[in-house]
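For reference, chains read A, B and C in written order, and residue numbers begin at 1 within each chain.
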Amino acid sequence: MRKGKNIYMGIIFTFCMVLLFLSQHKIRLSWQPSYPHFNELITEQNGLQDISGILMGFRCATADIAWVQLIQYSATDEDYSSTMDLLKPLTLRVVRIDPYFHEAYLFSSGILAWFKNVNRPDEAIELLQEGIRNNPKYWQLRLYLSAIVYKKAAKYSEMAALLEEAIQYPDCPSIIKGILANYYKSSREYGKAIDIWENLLTSNDLEYKDRAREQLLILENLTKGKINGAND
Amino acid sequence: MDNITAILAYTIKQHLRHKIYLVVFLFGLVLITGALVISSLSTGRVRMLLNLGLSSIEFLALITIIFTTVNLILEELESRTIYLMLAHPLKRWQYILGRFSGTVISVLFGMLSMVILHLALLFMAGWHWQNYYAIAMLCSFGKIIVMSAITLLISLFTTSAATAMSFSALVWILGHFSEELNYLGEKSANIIVKSVVWAIYNIAPNFSYFNYRDFWAAAQVPSAAWFGWMIIYTFSYTGICLILSNFLFSQKEF
Amino acid sequence: MSIISIKNATKKYRRQHLGRVTETTGVSGLNLEINKGETFGLIGLNGSGKTTTIKLILGLLYPTEGEIEVLGKPMPDTEVLGKVGYLPEAAYLNKYLSGKETLELFSTISGIPRNMRNEMVNNILEKVGMAQVMHKRVSDYSKGMLQRISIAQALVHNPEILIFDEPITGLDPLALKEIRQLINWLKTRGRTVFFSSHNISEVERVCDRIGILVNGRLERLIDKSEWQNHEGKIEEIFVSTVKRSEKIGPIRFVPEGHEEAVNG
């Protein structure tokens, strides 16, 4: 009787083993998650934090912690007078942990390409190219890349047109909207700038809400000055 | 079937009334609420709240499952309540299956409670329901089922709770490292290293498959058939561990 | 007809520690047949193998050599265990359940049909005097209450064979009397009772046969006719049969003038 039970268990065990290897084979053949290898991670002194987060299976959360550190770095200088030398490596750190973190590519490439003291469009392009390799279907990356290329070639109206398209996407970072608004302000297209800042006033980004209030006041004065000038 | 259900119900009652279960559960609530605070440091607050919340739920489930499963049989052995159990007409495989299922269901209750809180915080932060959340949770739960079966097996061939917990944690890490290990093994010229890595890669569970929350935003997401194979993978791996656990348990003397 | 049959059973415990292997014998060459309806008492010193014998009968231990059969089937057999009620030496109950939940669990795994469970559980709780406190957690019970629930789980499924492991150890005189009454009650209903004990006076009051275990060997089997109407006979046989393990000697606190009686 016991021998019979053992044979029965043996059959079920063998069946499970076959199913296991078959399913494993099918999974590997059809699709596997693809991430940069450990030697491609840019961890600097955060190696232990990043590697342990990945090994524990919490990739996205680890990338988010790295992202917070990046935001803190980028927000240390309120006037953005720094040249942001570490922005690209910090961003690469985030996206090598989570290559599907779209906002990281957009945010950092925006600062690198358009902030006047930073002005590193080549680094921005490298970031976006890496983003496109990992996320070929995410159109916004190609849009930004095109806009930066136009900026490099001083084709500002074409650049603005692409950014205008980019800011229609719901996940467009506020920083990009701010960049376009500032461009419109510098090219005296105050109406378009006001539209963008009014949109930012209703967003959830607290920092940009405050900035929107400031800029709207400035633009209001500028528009009055323009009207007064016209009347004169 | 009655026997399995009776043991399952008994296990659930035991876990839900255990103080340590309550402590872990409360800690989980704290972690999720903490995610709310940390997410306010970032732009893309909802994404952070989502990721940290999902990770916290899984992390707490992992701690709970390791702790409860390791002590599942060991505690009964120490208190000798197992003598009375097995002195009744209860087959050893029924006992194992009932205890395992009861433990998994208890942890599911805990996860669901944390999910409810997490969803409430997400909705308050302006997030709108997306199906990927449910898929991510189901994948997470599948991982926990496999981990529970592995931990049960480990607890039956080790003699101390600390050793069993350490080995279980090691398997968890190995499960997330196996793809990288395979890559390193392929690069090696040493045949022994290649063989060992091949064995680990094929025997250890590959937990990266279950991390849907990490790759849902990828350009190419897996098809429905892939998920079908994942379900088969989960249950066949669990089945193998339970059969081996039953084998070890039936050799045990009390 | 023998209901419990132990044939040449040996149990050796093997322990390995840091490369060293130690082997201790639990029971050796045990031959014993228990008949249907018999009340059998197994007595011996601590460590003589009483609990090992009981565990071999229940299938909690596997014999190194020999065979153990209950109701003609080799143990462990789940069908046979449905006809056995086991009362361990201590109440090994789960402290997170209430008394009623404990009995519901054991009544389910004992195979009592669903429609009869509630009634049988309530009946047995009444019989053991625990009906008023059945909803309290086991962790809140006193030692006496634990013993009662333990007895209840052994009897709830109306078993043919009862196996008690030192049921009267540590009991007060009232509880002792209740256990004696229980065993007699079971006897009158034709149940087979197998129990182990240190208490010779209680054993001789209820048993039909007594076995004396010494260092894992069944040294003597005594029939009731040998001790009935011979007060102190079992104690006499026990003392002459039992030898202490070489590792421990007798306790030597004796009144002055009785040293010779101790030293022999």
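The definition used in the following text is that a contact is a pair of C-beta atoms (placed from the backbone, for glycine too) under 8 Å apart; a residue touches a chain by one contact, two chains touch by 3 or more.
Everything numeric here is computed off the predicted structure, so don't read it as measured data.
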item: Distance-maximising chain from subunit C - centres being C-alpha averages; value: A
item: Chain occupying the middle, per Cα centroid; value: B
item: Rounded Å distance, subunit A centre to subunit B centre (Cα mean); value: 32
item: Where subunit A and subunit C are represented by their mean Cα positions, the distance between them in whole Å; value: 73
item: Centre distance in Å when subunit B and subunit C are each reduced to the mean of their C-alpha atoms; value: 41
item: In the complex with subunit B, residue positions of subunit A that touch it; value: 9, 12-13, 16-17, 19-24, 26-27, 30-35, 37-38, 54-61, 63-64, 67-68, 71-72, 98-103, 107, 134-138, 173-175, 204-205, 207
item: Of subunit C, residues touching subunit B in the complex; value: 55, 58-62, 76, 78-82, 84, 86, 88, 90, 92-94, 96-97, 101, 104-106, 108-111, 114, 153
item: Interfacial residue positions of subunit B with respect to subunit A in the complex; value: 38, 41-45, 47-48, 51-52, 54-55, 58-59, 126, 143, 172-173, 175-177, 179-180, 183, 202, 206-209, 211, 213-215, 217-220, 222-223, 225-226, 229-230, 232-233, 235-237, 239-240, 243-244, 246-247
item: Partner subunit C, residues of subunit B touching it in the complex; value: 2-3, 5-7, 9-10, 13-14, 17-18, 79-91, 253-254
